[in-house]
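The structure under discussion appears below in the form of structure tokens.
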């Protein structure tokens, strides 16, 4: 059968108005169903005719999935809240500026106006071998084209490769890991809450998924506890173009600094592994240390320990190292 | 049911990427069906009278006979551990129990290879490679046994096996072929994942060749599910307990020896250090009774012409 | 200035051509008289739809008018606008939410019409570049600003850029040049005319302020 | 008041801002159906068998078009469909259906059995002794002049050639093309400093915003076609030739083109597909081209792997330039490298120079001219090396360019041809002034936090015009001047701006000028291609000539009616009148009616016999509608016309990330008389932005194992966005008229690209302390590896990354 990457094949579109109805539909159609949030990732798959769901479940008409509300001392953000809203909401900007910064750097204004926080977190990898529809491990085959000896893998991972060397493309993921957010997932089995860092899974666990979401699951809410509200934040996304691009490496950090000493630290990077990586070792190493260049230098070195670059992405080591250093410096450049 | 998983390669050519995992269920179901069938027939079959041969046996035969040396047992259990790890890491993720399995899988695979290399060397040096040979006579005996089993009548007692009965040999050889196929393909497949030994190269073979490799590996994998199910089943069957025990402590009793083996085909003589009925290993010699040449311990010829 | 319509409108080429080319369906005309996305002879027309899935015949609010239109479940807004409603202002430069040429306003917010399922914007206000001019033919201040700055070269990107400018000056009538650049960063211009586009956009903001 | 030099909004702008401007995909016709393409999945293959039965049986599917049904061409040229695809993505067949989804579904169901054939992506690989060839039979097309031979042959280098090259240096085996000027050895003997560098310049797609969609139908034996094309008259003629039709039987309507940059000069081979399909199935056929397809069939600038040896005297004078270029000619072969050599000779006026080159076919999409073909590559590659020499010799970087730059006596190329004008030193001086070079160059290498400042300068020459085309104007009884333009409209505004030459000759205000363009049924004159910076030059001349012709006729009519000799009458303000008595004269409207009455040459019943057949047909069709001015550009010219643009840039390079921010950019042109300042600025800046893309981001990536493209979308190909360019850019123009053209204007489309690219490669090298990485694009990975002293991500000659 010939290849054509144009025009979406027919599907049935469902627009449920409640989470329960949506879950019923997903259960009814199983693997033939497709959860449609902002659609910014979905359209590519469907226009490329690689994914051909028969039932598309649009979450756009479920009011409870939208909006930002205060809860306890934190925030609850509906998964269908647009990135623009996340980036500009005053509760987010004032207390969790890290997240608004990250959301504001996603792609372009138009994409942020439509793309959702849940979608940004749950999007698939951009490995171009995989997205070309090639039968790689992630696509259910038995090969990684991107790590072949001559492969073009500049954008691929330096950590966590397990057959697959793709990276997670989400900008908001690291911010939420640094903020110790919880992801609320609904399915017909009920509701469960997953730590942000555990929401993302590596290819070792399941090579065909980026997150814990399985068929029939819906990410409904992102809960941000007050733990890190108003902390010292740093977010940076290094990309080839300043709009419509994915991070080559991005870093998000939250620090509580007292008298020049780092009391608590959380730091996560993306673009370096098939999942956003929380840097526990760095956190441990800097906690209790003075916030100075020496600490930052050491942290950068620790961050890239154990990295194994591919043919074309050795540059991600110094890049990640330098970004981690910046994230821990007092004065961001 | 699909037997193969196929995909379009980057040039949109149809290639095999492996077997259908439906075959895994087929193996499980097939294996279970066999076990149930066997169990039912065995349950309905009248027990063969235990012969009095034991009593009449050669008094020189010790009460405890070493069936598996410590080294053999160590090999068996090590191999079984690696095999289980391989099967679990291969198939559990397929049924929804997710974990990072690849590294464990290939390390276990290397473990399996090492145990097999050890086994082959040991078998070559210390054992008789021919002991697993299946000749025409064994085939005939084996056929009689199966027919007998199916007719629910005890097998003709006229011909008893040497150390290894025909079903053991068949099982051993089948498993050996399957395992070797899995290993050979598995080693090739390691070229496609990250290991400390070499840089990944998925282009070592052509797409078509890789397809065959994956299909063979998959087939051997699912075949191992069935064969190992059968193996465990027989190991836990009461009438086989004496063999299972021997794989734990190494010995079988004189009674079992005489009941199940042909002393002519598996010659057992007390060793120099034997204190009748004592724990010391008996001297076991192999070969035809008429030429009882001394052979090293555990090395025996079970070959019949 | 030359009469643009005289030169560009295919409907004025002559009697024979006029009878042949219907050209674009005038804004406001009944939709779907020339539905190029799917026809009754298409296998798509015969496809059964599952119970509970969307109805194909819907009403859209486009440029202030109610338009009845038959929309496939998988249809994007750009396709509906261009091929069913005759609104060819939004352009398909990439069809992948990357270039912005298809930008339209949905309830005043700029979005990529190539990457919106038409069914998801039922009940929302859709504005295309065709809807900016006032009924008396007066250009929108943003359009006027672009004309006054001589904006754009090939202008394939222009409808998208202009819609983003409209959304921006509505939301922030007093942007800095840098803020404006960020607001327009979802639109691509391959002629590289960004300098002039930014000049136009800043003038547009000025006009919008003046009007307010 | 003269229109030339004024900012006047082009006449199509309102249509552009209201969405009324119709591009190819915006046309509709009753009964219109859709074509979709089946593309080759392999970089080189042969179609063994096609099974389309399932597709053709689908309701709504109307037909299939195979390679044997489309106009055939001789090797090595490209047909619009092929059974031996030579690159991944080459169109193999087309399907027509009542709607696009059905057409796509139908393509989905076609089974094609392809036989894979050997392929090659990198010309250096093809040059290896046993390297693969892109075509069956060879890697270049051998067709010596004056011979019947026309065949593919293999050009190979020896193992010794490869071994002779030093580590990381480009080997230099036998070239296919070679020319030299002066004594190269003597040149190097005189040199106090010799630099020898290996350079890689990427291939990159044109990526116009508008994909080359096309709609076509037939009526009364005539083909009506709406392609996306840069040129109007020339494309129509090309289509007629390809389709074996009388030119009168092709009506091309394409008043707008959404960018081409050299990729749609006379349309595209694929525009024939809807035309042929429409003839076959009897329905109007729209073929919408998507972005992937556009990347495949949309042309690209050939990449270079090159080695350059340059000798400098202590004072900075270039004594010898030895350039060897290996060019990736793509699937159908196309060459820029000769132009690259010519441009290098012009930029530096070396005492001696040699160009050697090999251009080979590869199994990658077709190449074509891309804005500044050859020139943009070579200046982006060489300017940082000139900087390196300046630094080593302790000379100011602008001064070394001033020293070597050509003036009106400059020469170029193997024949040492002459120029009509060159005011490079003036442009450099103006650029230094506007940019503030003296002050900015002192910032060079300074740090702003983690950011290192770099300043750069680039000089980019390119051909600025052709001659010999026809102008055609009509003064109608409404008193307006109608300027008919056969050139295209891709946003340069030259279809309007060149009309000013006729308006000014006739002294007519712009509101009484109508431009007629974009539709061959409107009777257009023979014109240049809308490409290669020709049109401002070629068509100010042609329209000037037509204006003069109309003016002469107005004077003759006035003399006929009022007596005296034509020379006694002057033209202005929409009237022709006696020089001594303003009342003794008539309006243009009156003159037009008189011309219609007088017939003959006045209203197009007779005309000059040197007009092109296309112009003749147009004049004949317009005859009797007014006073017609029609003339060929016979102004003559000695030497060739070249335009120069100098670019100045200031960048900030983040030493921790390798990211480059272009903070400032100024470019100044020597392009003769300025016709339309704002449009000129747009060309200078727009070309500069495209140059930034070349220098910093745009890429073309192939998987070497499969020969399949990856950078075929915007975000993977990375053309610059609005945040990747300075917030404000400056410009200037020397404004000295070219003495050999009546209006004095030279073309401006091409050279800004090289100026932009070179200013950035130069500035990045400066920010790196003078280290030339000798590769484009200079992405942050390449820069960071250099900063951190790590191994470069790509080999020194590695291409398509």
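To keep things simple, chains are lettered A, B, C and D as they appear, and every chain counts its residues starting from 1.
Operating definition for what follows: contacts are C-beta pairs under 8 Å (C-beta built on N, C-alpha and C of every residue); 3 or more make two chains touch, one makes a residue touch a chain.
Source: prediction; values computed, not measured.
By number of C-beta pairs in contact, A-B leads when B-D and A-B are compared.
If you average the CA atoms of subunit B and of subunit D, the two centres end up 73 Å from each other. Once the centre of each chain is set as its mean CA position, subunit A and subunit B turn out to be 48 Å apart.
Centroid to centroid, with C-alpha atoms defining each point, subunit A and subunit C lie 32 Å apart.
Shared contact sites, meaning residues of subunit B that touch two or more other chains, fall at 10, 12, 203.
Chain contacts: subunit A has residues 1-3, 6, 8-10, 132, 145, 148, 242-244 touching two or more partner chains. Contacts with at least two other chains are made by residues 41, 100-101, 105, 290, 703, 705-706, 708, 714-715, 720-723 of subunit D. Pairwise, the chains that touch each other are A-B, A-C, A-D, B-D, C-D. Residues 1-8, 10, 13-14, 16-17, 20-25, 34, 36-39, 41-44, 46, 72, 74, 79, 82, 86-96, 98-99, 101, 128-130, 132-133, 139, 143, 146-159, 162, 177-178, 181-182, 184-185, 187-198 of subunit C are the ones that touch subunit D when the two sit in their complex. Those residues of subunit A that touch subunit D in the shared complex are 1-10, 49, 128-129, 132, 145, 148, 150-152, 154, 238, 240-246, 248, 312-315, 317-319, 322-323, 325-326, 333. By the touch rule above, subunit D contacts subunit C in their complex via residues 7, 9-23, 25-30, 32, 34, 58-60, 97-102, 105, 207-211, 217, 219-220, 224, 253, 255-259, 261, 286, 288, 290-291, 490-493, 510-511, 513-519, 521-522, 678-679, 681-682, 685-690, 692-693, 713-715, 719-723, 725, 727-729.
Here subunit D touches subunit A in the complex through residues 36, 38-39, 41, 100-101, 103-105, 107-112, 290, 292, 449-451, 654, 656-659, 697, 701-706, 708, 710, 714-716, 718, 720-724, 779-781, 784-785, 787-788, 790-791, 793-794, 801, going by the rule given at the top.
Interface residues of subunit C facing subunit A in the complex, by the touch rule stated above, are 44, 47, 49-50, 52-54, 72-76, 95-98, 100, 103, 109-112, 114-117, 119-120, 164, 182-183, 185-188.
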